[in-house]
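Just below sit the structures, each encoded as structure tokens.
Below are two complexes that have subunit A in common, paired first with subunit B and then with subunit C.
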Partner chain A sequence: MNNLLSIENLNIKFKSKKTYTKVVTDVSFDIKKGEILGLVGESGCGKTITSLSIPGLLPKDAIVENGKIIFDGHNIMDFNEKELTEIRGNRISFIFQEPSTSLNPLMPVGNQILENIVIHKKISKEEAKKSVISLMKKVGLSDTENMYKKYPHELSGGQKQRIVIAAAVSCNPALIIADEPTTALDVTIQAGILELLKELNAEYGSSILFISHDLALVNQMCDRIIVMYAGFIIEFSEAENIISSPLHPYTNGLIKSIPTESKKGKKLYSVEGRVSHLRENEKKCPFASRCTIAQDICFKSVPELRELIPGHFVRCFLAKGDKNG
Partner chain B sequence: MDKYILEIKDLKKYYKLPRKKIFESPKFLKAVNGVSFKVERGETFGLVGESGCGKSTVGQTIVRLHNSTEGNIIFNGRDITNISGKPLKELRKDLQIIFQDPYSSLNPKKKIGWILEEPLKVHKISGSSERKSRVLSMLEKAGFDKSFASRYPGELSGGQRQRIAILVSLMLNPELIIADEPVSALDVSVQSQILNLMKDLQKDMNLTYIFISHDLNVIYYMSDKIAVMYLGEIVEYGDSESVYKNPKHPYTVSLFSAIPDLDNKDKKRIILSGDIPDPVNPPQGCPFYTRCPYVMDKCKTVKPESKNFEKNHTVKCHLY
Partner chain C sequence: MYYYLRKFIAMFFTIIIVTLITFFSFEIIPGDPVLSKLGIDADEAQIASLRAELGLDMPIPVRYIKWVGNILKGDLGESVRFSLPVYDLIKTRLPVTFSLMIISILITLAVGIPLGILSAKYNNRIGGFFINFITQIFLAIPSFWVGIMLIMIFGVILKWFSPGGYVSWSENPAESIKSVILPSVAIALPNIAIVIRYLKNSVLEQMKKDYVRMAYSKGLNSFRVMKNHVIRNAVIPVITVLGMIISSVLAGSLIVEQVFTLPGIGRLLISAIGNRDLPLVEGMILYISFTVLFINFIIDILYKFIDPRIKYD
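For the complex of A and B:
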């Protein structure tokens, strides 16, 4: 078994006034051991909700209809709060977007890393402190003895995110969920953080679920990419296939709309309309209303995720193997 | 008419910080520290840099949301650095700004039609019915249906709101628009709509843009000239082709190398160590020397002068 985590048929909905909105529909994927898996999509596509469901951190009003999350052979969905606490921060850890909100402003940063180690490992505080210092060095912080006692507001954004990463890897987790870890940071700082994540992945063999809205960034980080749209996985393959020969019209449009060197002076493609989630029991392709090639069938039933080319999955009736979208 | 619509001469903007101890001499945050540039009529001038480099302050000082500490702002041949009162209000007809976040720049309690009409009312332009028809024709320009005039901002998506925000700035037929990160809060598929619209309107209405962004790909796509800012100074400036394809300043080089690129997955990245220095105590000498991979002794004490390369490419660095 070399799958670390398998999500099977995950369905999550929220109650809104009198109806339900499906935020995640039929999401299934695996993360292999040691892999960096990319999850990409625009705001509101369900990528964060999917990731929050893994360690049982969903908001209270979220309703999980069905689905299994198999981590290391156990279904996390069946875990009680105590069992969940045991894996959170220990076997599965999280890196969030905004480092200034994920750190406690009233606690020295060193202690925040220490806390995680002391909770999950039976070692003395002195030993733990030593490992905190070495972790801080590992994530590229200097003057660690002094930094240990500092409060989050005394550090820069990049430094704070390094502290969050140090805390996340402190118990040598099997899976790190990085939800837009560099979106709040500058590009030159971002480059350093990405390099660090790659190093940690290579050194500890932790799998990373890398979530971002930035296709170029995900392409640079990941081996395989999942593209989500309105709660559905609409395309899934090796990073190379997604970028160079996307099959779904949405992925194709997304790539065409990113300004790059070669597009200077030309009009950018844009995907018209806005994301709309399917209502309960609504049967159509979630992208149909914005799709330029949509036909009758697209408005009548929900397409299945099918393996069109070996290793390349797409949720579209009209996609063909030989040409783009 | 003058070739240049705007000229900035040695602009400085310092913010006085609150005293921590009584009798302590006040400290200043040097947000903009000696910036000079010229903007040609009809072009897009791209201003790029990371957070805290002073790019937004430059934009806001030009439209006179702040008063500058030192330096001159010359708009259409007239020094507007210290004007106030009625002339300033008149000036704002020609000089407009678009902000980053369309969720906070539109009044949530007013209808779109009202929001678009407001600038005309403020400047007492024409009668009510003519104003309304101007609002409708403006909406059409950006591809909106007329019915949008009676909707509230809350009913629109982020991209639609930003399009409205752009239209608001254009209601008075300005000449120069300062666009401060106009697409940073939007998704990529929406971002391209805004960029396309801005380009179309530029052609349509003979606009000059100062386009401020941290995203180099967007800057390159939009601009004719690019200026790279670091710690309150412009460290490199030139035609966008020249700066993008052949960056000279070590900061520009590393900044460009750090951008994730769809076309080129395995490009070599230069990773800078350390953080941007504190703008309260900027380093003596070159502002970049604390992070520069090619730092020399000279850099730590002497401020580099602008050096000219090809016709229109200047760099502030001791390497050259």
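For the complex of A and C:
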């Protein structure tokens, strides 16, 4: 399989008053054609910022220090705004977390899908409208003719997310970035949306970057998993390797905190403390202050991401090649 | 449909309250219109007969009901000073004030909305400061002073028009508009500043919303995002202030008419108050309140038109 997208040494920082906060440090990964890649981490770990940087959608106060984003053989970093708008929604599209705020409240939902088609394709409005209707059917909506004219507030959360997905797949993109697509939805609706994403992946061969804080969910969906912490990639491997033999203490903590049948009645594990980003030029392991096994070396320099077992990368001084890390 | 009906009923009850307040506040105002007409030397018989003639000898509730009944027939009573029906007096002055209002609202919107959007776009440190500075100045300047300055510049120095001349619509439409343009600008300026401020903040607020990010992610450029998504959402809070602006335009026109010596409602009202011509004052207060209420009713309808989320509750 070829790489559809390669991110190389991406560094992003935010300016806050006088200091800079580094939110993404040395992030490199590839997405293969047709692959579902999982990106896991708790809120504020830089996963959304990483994903927004791909089609150049970062907020204005974010500064990309260096790094390359190679999509389909071109470095997107060098693209101007016009070239970026030609890619967005067409070759790379987004599914956002909150369906109720992602849609414009004053525009009929059908038009919000239509809009995505008419800016990228030279087709008549009638044809575009027909394809909107068929897209709405494809994503599992019924009574589509009627729903086309409805406003977002008249739809349920699950229906709205299906509209967002319909808009996202309307131009048959090579890459869909799904940022916590089911977090805001009821559990019963979640399953349907995940199933739909898998179907679209199988049918159109679109790669999906699936972002979530939920490791168990990502495991169900993805071929490979990246675990991020405080802007660093701390572990990266095939999904089964991550789940069955995690190498990083943080990943280990995440897995221990997944509720399962065997843990019923027991107190659920939790990783103490919160994410804190390193200051610029601060030299220590980003996870050291929350790590239960941290030693002196962890507070003295930043560990490198190393391939400890073939195909299994980890950013930890203490991780060993055996089963329990 | 229910929404409009509700709004209409609300307007109706407000009108009743307005008439009550107007009527009773004129009852408790000290000063006797009969004495002011006849002078303090008038004899008892004369006073009594004029009182009966004006209907002032009846009990208050009866007079209120009679008064409302007359209003419904289009009869606002007779001016004490001019001895002419109040309705006719207002009617002849109405076109002046009305065109002043319409033109100044049009100017406010035509200038304020584009500038508001532009100022949101260029809201960096220097641009933002500059915009705030200018709008603050225009908010603070009273419109009559702007009016005087405009007369100075365009009338006295540049001599583009003759100050104080009013040409009625029926005489010459083009000249008529020309004669109300400057006073309209004077009224519009502070309101333009209000619209710019509200719209700027509202646009900036909307730009942070998720749907804007989604619109960008679809591949819309910033012009399209603004035009197709942001403006309509951002205009909603501006419509709310528009109601207040229209009332202030009305109040502004009362004063600016004095400055430009336009024969509108404002000058009539001020002379009526000066002369204690209570029926005339009463009539004009009713007229002004009805206008404000009606405009607010229109704005409610406009709201519903723009925002489909407005429910019946």
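By definition in this document, the second predicted complex is superposed on the first by the 323 of 325 C-alpha atoms of A that agree within 3 Å, B and C clash if a C-alpha of one lies under 4 Å from a C-alpha of the other, contacts with A are read in each partner's own complex, and residues count from 1 in each chain.
By our rule, a contact is a pair of C-beta atoms (placed from the backbone, for glycine too) under 8 Å apart; a residue touches a chain by one contact, two chains touch by 3 or more.
In this text the structure is predicted, and so the values were computed from the model without any measurement.
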Query = When the two structures are superposed on subunit A, do subunit B and subunit C clash or fit side by side?
reply = fit
Query = Does subunit B (first) or subunit C (second) touch A:Leu254, or do both, or does neither?
reply = first
Request  = Name the contact category of A:Glu86: first (subunit B only), second (subunit C only), both, or neither.
outcome  = second
Ask   = A:Gln220 contacts which: subunit B (first), subunit C (second), both, neither?
value = first
Ask   = Which holds for A:Gln159: it touches subunit B only (first), subunit C only (second), both, or neither?
value = first
Ask   = Now for A:Gly192: first (subunit B), second (subunit C), both, or neither, which partner does it touch?
value = first
Subunit C, subunit A and subunit B - angle at the middle CA centre, rounded to the nearest 10 degrees = 70
Query = Which of the two partners, first being subunit B and second being subunit C, lies in contact with A:Tyr269: first, second, both, or neither?
reply = first
Ask   = Of the partners subunit B and subunit C, which touch A:Ile119 in the superposed model: first, second, both, neither?
value = second
Ask   = Taking the superposition as given, does A:Ser43 touch the first partner, subunit B, the second, subunit C, both, or neither?
value = first
Inquiry  = Which chain, subunit B or subunit C, ends up touching more residues of subunit A in the combined arrangement?
reply    = B
Minimum C-alpha spacing, chains overlaid - subunit B and subunit C, in Å = 5
Remark   = Footprint intersection on subunit A (subunit B / subunit C) at none
Request  = Provide the residue numbers of subunit B that touch subunit A in the complex, in ascending order.
outcome  = 50-51, 157, 159, 187-193, 195-196, 199, 214, 216-218, 220-221, 244, 254-255, 257-263, 265, 269-273, 275-276
In the complex with subunit A, residue positions of subunit C that touch it = 209-211, 213-222, 224, 228-229, 232-233, 306-309
Touching residues on subunit A, where the partner in the complex is subunit C = 55, 57, 81-82, 85-90, 93-94, 96, 98, 101-107, 115-116, 119-120, 151, 153, 164, 167
Task = Would you mind writing out the residues of subunit A in touch with subunit B in their complex?
result = 42-43, 156-159, 186-192, 195, 213-217, 219-220, 239, 243, 253-255, 257-264, 267-272, 274
